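Please read the structure below before turning to the comments.
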């Protein structure tokens, strides 16, 4: 789960990493405890908000009110701005970059730091990014911190401060089960102190049960995706007009790929997983209907899950509730013959092979 | 460093393990906040104080005053009682044993527990002691706790309480760099709660620098040993009358063994270590003199440390300050010839071999 | 031979008395797997399809000589279960459980290395060596003894591929479901290394998907170390960036982990790529 | 051959620019040890007796191919130093430092196992294979090439014994100071196992002392696994219970760890015991 900047900063503060004095602002009154000049920042769970006009510097209250009303409600790459963070301007002497993320290959947390902060890290040359891996069996150690710190060309006092920040940030990363913590820029202030001007904190969804203090943000998902999540169904909305239902993530992806091959365009990725519970099949179809695809492509492989059990569930939904778009099915595996009979009974179109079914679906969706 | 019971209990409380209501008592006034009956317990850093009369149950203030004055100042196997802990009597339903110590062979902390608490664990049959090792790379895990807890025949609520105690005790063991934490007995009260009636906490001396909150107890060492410790000299007082100075712990022990072989009796173990600092040699001799041995046996092997450097130091001390007992020396290794000359000059007796010198020392001490 | 799973595996099931445990113990026994013990705390003395249940892994190991564990416990108890098995001396673990916090998985994967154990998964369907043993939840009926080694990040997609191999009469030496999580214990490289050494395996099929760089690393490894023919299928060529496609590990993050990159890497390494999962059988037949 | 230390060790010294570091780099070079690098944070670019100094172990390893580290840093930095070396790929570590908290030692000993590294010490004088390499602070002049393997928990006592061997013309293959702490990385059993395999070693001398049960375990191991003659000396026969005799590990606790118990165990295993340290040479000569 991606946290909004202001909530990430609450965590930074909890781990004794300094952030500018600031607060969420909605009305004129909210500015009374802040000292101008301020920076107003749209709270959205994606990057690039500056270019989209979601960040403004304001010198006085009039300025602030005007810009606040512009930013609130703004649409930034599909996200409507509901919250704005106002922060006092910091005295920036130096901008650093610091992040901890997961190195999947090494299966270890990876610390990245650079003396070239403030810009997109992707655009910083490799040789200016310093990397250090932390072994999860022993956690962060002084030598890890020493290595990173020594590369950043800081003076002694700054190095000491930075070391504390890194040590605490790792603690946050581990204790909050983070996938990513990123501070960009992490600044050295005129007075030598180190301060986080931005925050990206991304918590592993699977570990959210351990972090009841973090209220979930609802903005990342579309309303249908959110609905699916609550029902425990894997459901991703895409750009196209063909809804794909399959069992297993890999098979569902492969099905979408097959559609693309025949110039079809996947609109929904719906993974039934290992279920053969008719109720879940029903919920899945209902969700799919709400997404209003032009065609539904049902691709089933029966293993432990029996094809006929799923087919029965599908038939029940369709006969009881009807469906207003063609459903192409392709069934393979355990009890496929029985399943094909059942689905034929329900009036669905059956493809012989994956290719065949994908082609039929793509043609129908055009 | 062995903590007194009352200070061990302060740590238990810090780790949320319940102990009886109690306090150190010196005068009548100190009893005012306690409810009779009470147990008065002499605070000494060794076991067996009960048998020595250091633990008394008292029913009223009169009783208490009388027993307190008996216990204060009592000598328990060489330790003079300076502190007495008074605790309210607990309602004991069941007595358990629980400890965490170091398994040197496995190089892991070892948890031991028994449903037969309250007596010396050495006298509990092996099959009634349950053992579980904790790997230091991952620390204590639920399965470790489950295993121990399942063996103790506790009911569900007690098991839950006991699990918390064990988990917290391990934390204490690790965070305070303990060599040993032992609670015997750990009781189940009439109301089902778990409570520590005694505590033995032993902190690794080498890690004391990390535990500035723990005031050192001075009672474990003899005054001369304490003096030596402050000077950084390894010095152990034993029962006999021959003072042994050697370089290296193993060599010093082997020298004592050689004395015993010739019916001599070691009185001081003094290890010079790797030093060839004349100042340290001087301090070592001064300490030795204070222990008033009948004979001093100086056994040196010169490796990195040159024999002649040490010999010069010895000569200086002896010629400047004199010495009032015979000093037998045995010198071997780097620059031994020069060293022997120097010591001969200083009037010391030189043995040819270890055996020869040990025999001479033993004979002289008789 | 075969790899990781054969007649030498004495399998203990952690989470044996739950719905899944009971069902898959039966399925594994049918496959011919030597299932010797089950573990559910507090249920010692029970039996599941004749398999004795113990309170702890250590007790199960002591009583039966189990050397392999199938982990079916819920996600929040998985780390503890894996640690327990590793401490009891289990040397092969198959972790089926999904939704395990990846920090937990990181810890047990490295602790597994410390204990010199092989961990397959988490979030995987397990492993099957036809004619020898199945440790996991893969459907038993799709397999056929043979000489193709399969390693895959996806479950059903693998069944699909294996099934199409079997239908064409192409048997398998071992099929390994590596798991769909970002952190897994056994990688393509580990599988390739094992298949290369295995005399029974003549060719290898890799089933990859978007996310991470495991396929790119496998491609590098193949160039230097693998002499047997390798075939591959990559799922997710049309997946958008930033969306998690079902598996926790199947996500294109910051431009990394695209199917294109994986396909190109494999092509460079001389691996033959299938367009559709069911095409792999045709490629091998050629 | 010899064990643990020979001409293949490329030695890096952690804590190279301190008094001890400078002195022992020179001593090791004189012995013929291949000392390739030193590490002291903040001192990169300096040299000690021609050996280049680096800020981090990784930099030292990258620049020189060091595979061995001698740890001379103060106790409170020792764990970090060992972790750093292990993470940089160092596979043989000799930890001289004494007074390391034993919880720290426990952690790095197990982490060493995870990294497949050999750790000797802590609180040890190091290791010397006469004619090949010395990694440590043992006095170089006492050694002579030969076929006796020595493993010891004590420093000076070992020098004494080695010196008496050399004086009688009995040379050594390798002398290992295992260390006087309760937690050490390489034990008598590890040393015995290495000596048994080493073609150059014809007999083994073990120097034990009170505390722990390492000698008793070694005795059991010798019975089953060691074909070469083993000689031993045990220090502390007259040490009282409960007193720490210089070494942190030399203490008889709760009746365990007495010299008597160790001597009996060795006798049972057919190990010949010396009464005085200097007798070992006579025993071997017989």
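Which chain is which? They are A, B, C and D, in the order written, and residues in each are numbered from 1.
Here is the rule we go by: a residue touches a chain if its C-beta (ideal position, glycine included) is under 8 Å from a C-beta of that chain, and two chains touch if they have at least 3 such contacts.
Because the structure is predicted, anything quoted here is derived from the model rather than measured.
Interface comparison, B-D versus A-B: the higher count of C-beta contacts falls to B-D. Greatest centre-to-centre distance from chain B is found for A, with centres as Cα means.
Remark: chain A and chain C have CA centroids separated by 27 Å (rounded to whole angstrom).
Each chain gets a centre from the mean of its Cα atoms; for chain C and chain D, those two points are 43 Å apart.
One simple way to say how far apart two chains are is to compare their mean CA positions; for chain A and chain B this gives 57 Å. Those residues of chain C in touch with two or more other chains are numbered 107, 110-111, 114.
For chain A, the set of residues touching two or more other chains reads 135, 137-138.
Chain contacts here are complete: no pair of chains fails to touch.
Those residues of chain D whose C-beta lies close enough to touch chain A in the complex are 41, 55-58, 77, 80-81, 83-84, 87, 107, 111, 114. Contact residues of chain D toward chain C in the complex are 110, 113-114.
The touching residues of chain A, counted against chain D in their complex, run 133, 135, 137-138, 141-143, 146-147, 150.
Residues 27, 75-76, 99-104, 106-107, 109-111, 114, 137-139, 141-142, 152-160, 163, 180, 182-183, 207, 209-214, 217, 233, 235-240, 243-250, 254-255, 259, 275-278 of chain D touch chain B in their complex. Chain A contributes residues 102, 104-105, 107-109, 122, 135-137, 174, 177, 179, 204-207, 209-210, 234, 236, 238-239, 246-254, 256-261, 266, 269, 271, 274, 301-304, 332-334, 353-355 to its touches with chain C in the complex.
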